[in-house]
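Given below, in the form of structure tokens, are the structures.
Next come two complexes built around chain A: one with chain B, the other with chain C.
And now, the complex of A and B:
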């Protein structure tokens, strides 16, 4: 309890309070700033760009990782040869550090020797090597998000797979007796029973997607093109030494994360309980 | 060092937030202690640097001489900047001596996070031997002591240029553009590397080209000097962006922030020149047969300017004593030893590989370079000495402004966007100037 209070509650309270103060070693002393930090953040085009980008990262991250998580879990539920090996391979992207994955994907996207360029060229789909990252905003966002989804999906698969394996086989048997086909059984038996797991998977995807930093930093640098809110928090706080604005941005991301997570839980988990 | 090894900086920044938060909470943030001398008379100092340590034997020698034991902790450049800011803000001890990047000098002068070193080192006595000293001075105060003499250089594969019919390396940008087009006709599709990723390397390259065009980006009052289309800064940006958009520069440079990526292109002969290369790269990279396919082909060349060879921008690293140091006097003793004429030459190879600090670009003292030149153990040492003495100039002669980080962010973001076609050079210049006005207004 003390541990949580010191490492979580205290910093949260300090961050919340200081978000309303002008805190910068370049502009002392610390003084009350009301909503000034928040106004400045919304007037900053790099921050607004990163807000939009982060919404896209979060929306696509949550939807794709959840859909792929369900699909992966259903596929892996069946017993087949080398299932253990496949499971281990599925987990690998989640187990690897995000930085390593971003570096690997950066190489794959590389405009000079990347495997994606060489594959597309050998398939005669492109005439010359392309620059994938850094020229077009949405292409950059999508390509970074692919890496993010690549990393967060395995955990979704595992969470949902655990729930799938806990469903009694009798229920499927009963459904089959009642004339339910595979799709109907999935919709009426599987889906309602794995909803709590989907809720948990969605929440982890929301938290990770809203806080995406590593992949963005490695693949996009400081360019506003594909920037995320966490990257802007880092820049504002530790490059610009504008701690007050950094606190304000952190607070906004935290509030957004809590609200969206709560909404996801309410939407999926409670409906599951009701059903 | 604001730009060298950007890749290392980029990756190194990742755990920075966590490190900073831990440090602010009073914990001792990590790093790997790779150089530790033993013995001594009880005094002990911690030196936090992004550089590898001097050889253990040398540190042991220092301990024997002074009784000061040195714990050298290596930490990534970005992590280190975060650590410095977080520790200073929370008044927490983390090291007795640490990095003072030239770009942070104004910031540290304003925040007072470092001791002025005048108490221990007389700047006047160094003026003639350390050309980049002014970069670390603010109002007569020496905020950090330069400990290397990195500066921007132009490196070119003279064999490629000759093959394309360019016998002498051009000394104007007009001549360079024409020469690069000849290289293209002779089969090198994108012959010139310039940084275009939204990172510090792009800002520094613009300062370099502005200096080569005969100007500087800010004057002594930190007023933008680049807003007029005829100004060197405007022309330099225009030329850089045109070079990218017209295909003289590899398109992939728009997202390539890793310095090793550029040197690899040069070493593999995919480009024929690096416009904003780092002093020391010929000897430490292009002349290394195991990793270079252009041995004996690359040389330092005067940077082309508007009407003739231009200046080179200094990009040195410094070391200073944070106000939270436990033993500032011992730290000063170490800094004096670390920057001695002979030791500087040893770090660069005077005594052979056993004394070298890996990645050390160039001694900050002319006297050390003279030692190296006379020993014949450093590639083009005499040429580098001339460049350092006569051409290396501070990007901000009045010292980097305290809001340098925000300024640089605006610079690289806008030039990057101009290169991608999201805005014009005119808009980029206007945006940067507006940012300067805002930063000046907010103090």
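And now, the complex of A and C:
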């Protein structure tokens, strides 16, 4: 028994250990570099730009996907005809490759022939075709993040929906007897009970959006304008072949990700207990 | 009673918006892929493919004219993607079934510590392991091989698959296995003959999710592969997009084909996916 158990755990455990220890910035360089890698990273303007961009990516991503996730879950909670089919359609963006989706959205955002330009023009919402990506920094970042939100929101919907369906109906009955309207029942009954699910959804959104890569690779290219930290890690390591700096950068992003998601979990769970 | 139609309209409208949001980009790719280039570049756009043009798909399936090198290359990348995500799925499930069963049923030293550390990797961004894994693979001379990609995927997907199966095994009553033990069945025999058949829905969920995750990978294969001997379809589609030589209509046809495999799986087997991704999260 022990033999089989050890055999089956071994790869997992090795991965775990390597995830923690091999990411050391001191490992790959031929000589000890101390904090030199880190110092070089902070002197690189493309990378400092990416830090700020990544914060905006993550903030946009977690807010949009959580709000849309709650709204979508509430809308899909009620039973109706063809609900199964609708759910299957809703999870579709989650199941497809992010790169593929980015290529499709890139074509929809196209400055010359894109459907978004054409539709907005037909509705007289814009006077002339716009260049959506690559001109304005924040517009580029938000539009790229929308593509990621499109992909990750279905998972938030499913997680929150499962929590919604676990709420006993007599709680709403009781709330109605106490004279609560729909909105106050949602705030007083629903929200506190689905808070743990929202926490889980928010944490996965934080982890994914802090590490946004595929969409940025396709829609921003190597330009610093909309660059993300993960793209910079890739460029530093595999295009500039500067493995030491790559390690340092990915170590920092990893620590930031873990701290942020732990903080988000703690915050939401504590509020759930307090209320 | 006058509020009823209003409420019905509101709900229907909400559903329409949700479906439009979910499906329009995919419809748009399909629409462009079925258009001629001049129709795809018309202003304003055609919301339906007029005239309907099958040439892009004929070219990709090597039907139209001579079988172009492009079709062969794209077909090869689809095959690579299928081998890599399929291989990773099989390997992941075999290991995860053993591991999850051990975690769920057996007692051994440091069980809790090992279990928690396996699950902790779920919180770590996968990219934390990108560079070390690349270096390990290159030191073994495995860059640009199926083996490298499959091993890396497996190490990445194991924690999630183990977690899904662990939850599923825990929901199965122990009495079945105890009966088998009384009959003198071995530990492994019980797992294969008694537990696995009962746990098939859970195993299917973990397998489908693993396959979809594998099919969708981009950064890892981008780094681990260098040509068509191992490049999966995601890497090839991104490269086609970057070169800006391929016309948009053909590019969208490639995009549709790359999305078709996971798309069909997701729609047909969505029950398993929903069960799998929510089983752990609700706890």
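Everything below uses one rule, namely that the second predicted complex is superposed on the first by the 242 of 275 C-alpha atoms of A that agree within 3 Å, B and C clash if a C-alpha of one lies under 4 Å from a C-alpha of the other, contacts with A are read in each partner's own complex, and residues count from 1 in each chain.
The rule is short, and it goes like this: a contact is a pair of C-beta atoms (placed from the backbone, for glycine too) under 8 Å apart; a residue touches a chain by one contact, two chains touch by 3 or more.
In this text, all values refer to a predicted model and were calculated from it rather than measured experimentally.
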Following the overlay on chain A, give me a clash-or-fit verdict for chain B and chain C. clash
Going by the contact rule set out at the top, does A:96 touch chain B (first), chain C (second), both, or neither? second
Using the superposition on chain A described above, determine whether A:243 touches chain B (first), chain C (second), both, or neither. both
So, does A:111 touch the first partner chain B, the second partner chain C, both, or neither? first
Report the partner of chain A that touches more of its residues: chain B or chain C. C
Does the superposition put A:257 against chain B (first), chain C (second), both, or neither? second
Now for A:192: first (chain B), second (chain C), both, or neither, which partner does it touch? neither
Partner chain in contact with A:131 - chain B first, chain C second, else both or neither: first
Where chain B runs into chain C (options 254-262, 290-298 or 326-334): 254-262
Let me check the overlay on chain A: which residues of chain A are in contact with chain B and also with chain C? 11, 99, 103, 110, 112, 213-214, 217-218, 221, 233-234, 237-238, 243
Contacting residues of chain A [partner chain C, same complex]: 1-2, 4-5, 7-9, 11-16, 18-19, 22-23, 28, 72, 75-76, 78, 80, 84, 86-101, 103-108, 110, 112-113, 115, 118-119, 121-122, 150, 154-155, 158-159, 161-163, 166, 197, 200-201, 203, 207, 210-211, 213-214, 217-218, 221, 230, 233-234, 237-238, 243, 246-247, 250-251, 253-254, 257-258, 261-262
Contacting residues of chain C [partner chain A, same complex]: 11, 14-15, 18-19, 21-23, 25-26, 28-29, 32, 40-45, 95, 98-99, 102, 106, 108, 114, 117-118, 120-121, 123-136, 154-156, 158-159, 162, 187-188, 212, 215-219, 222-223, 233-235, 237-238, 241-242, 248, 251-252, 255, 258-259, 262-263, 265-267, 270-271, 273-274, 277-278, 281-282
The answer for chain B against chain A in the complex is residues 10-11, 13-14, 16-17, 20-21, 25, 81-82, 85-86, 88-89, 107, 110-111, 113, 197-199, 250-252, 254-255, 257, 265, 270, 402-403, 405-406, 409, 412-413, 416-417, 420, 442-443
Could you pull out which chain A residues touch chain B in their complex? 11, 25-27, 46, 99, 103, 110-112, 131, 133-135, 213-214, 217-225, 233-235, 237-241, 243
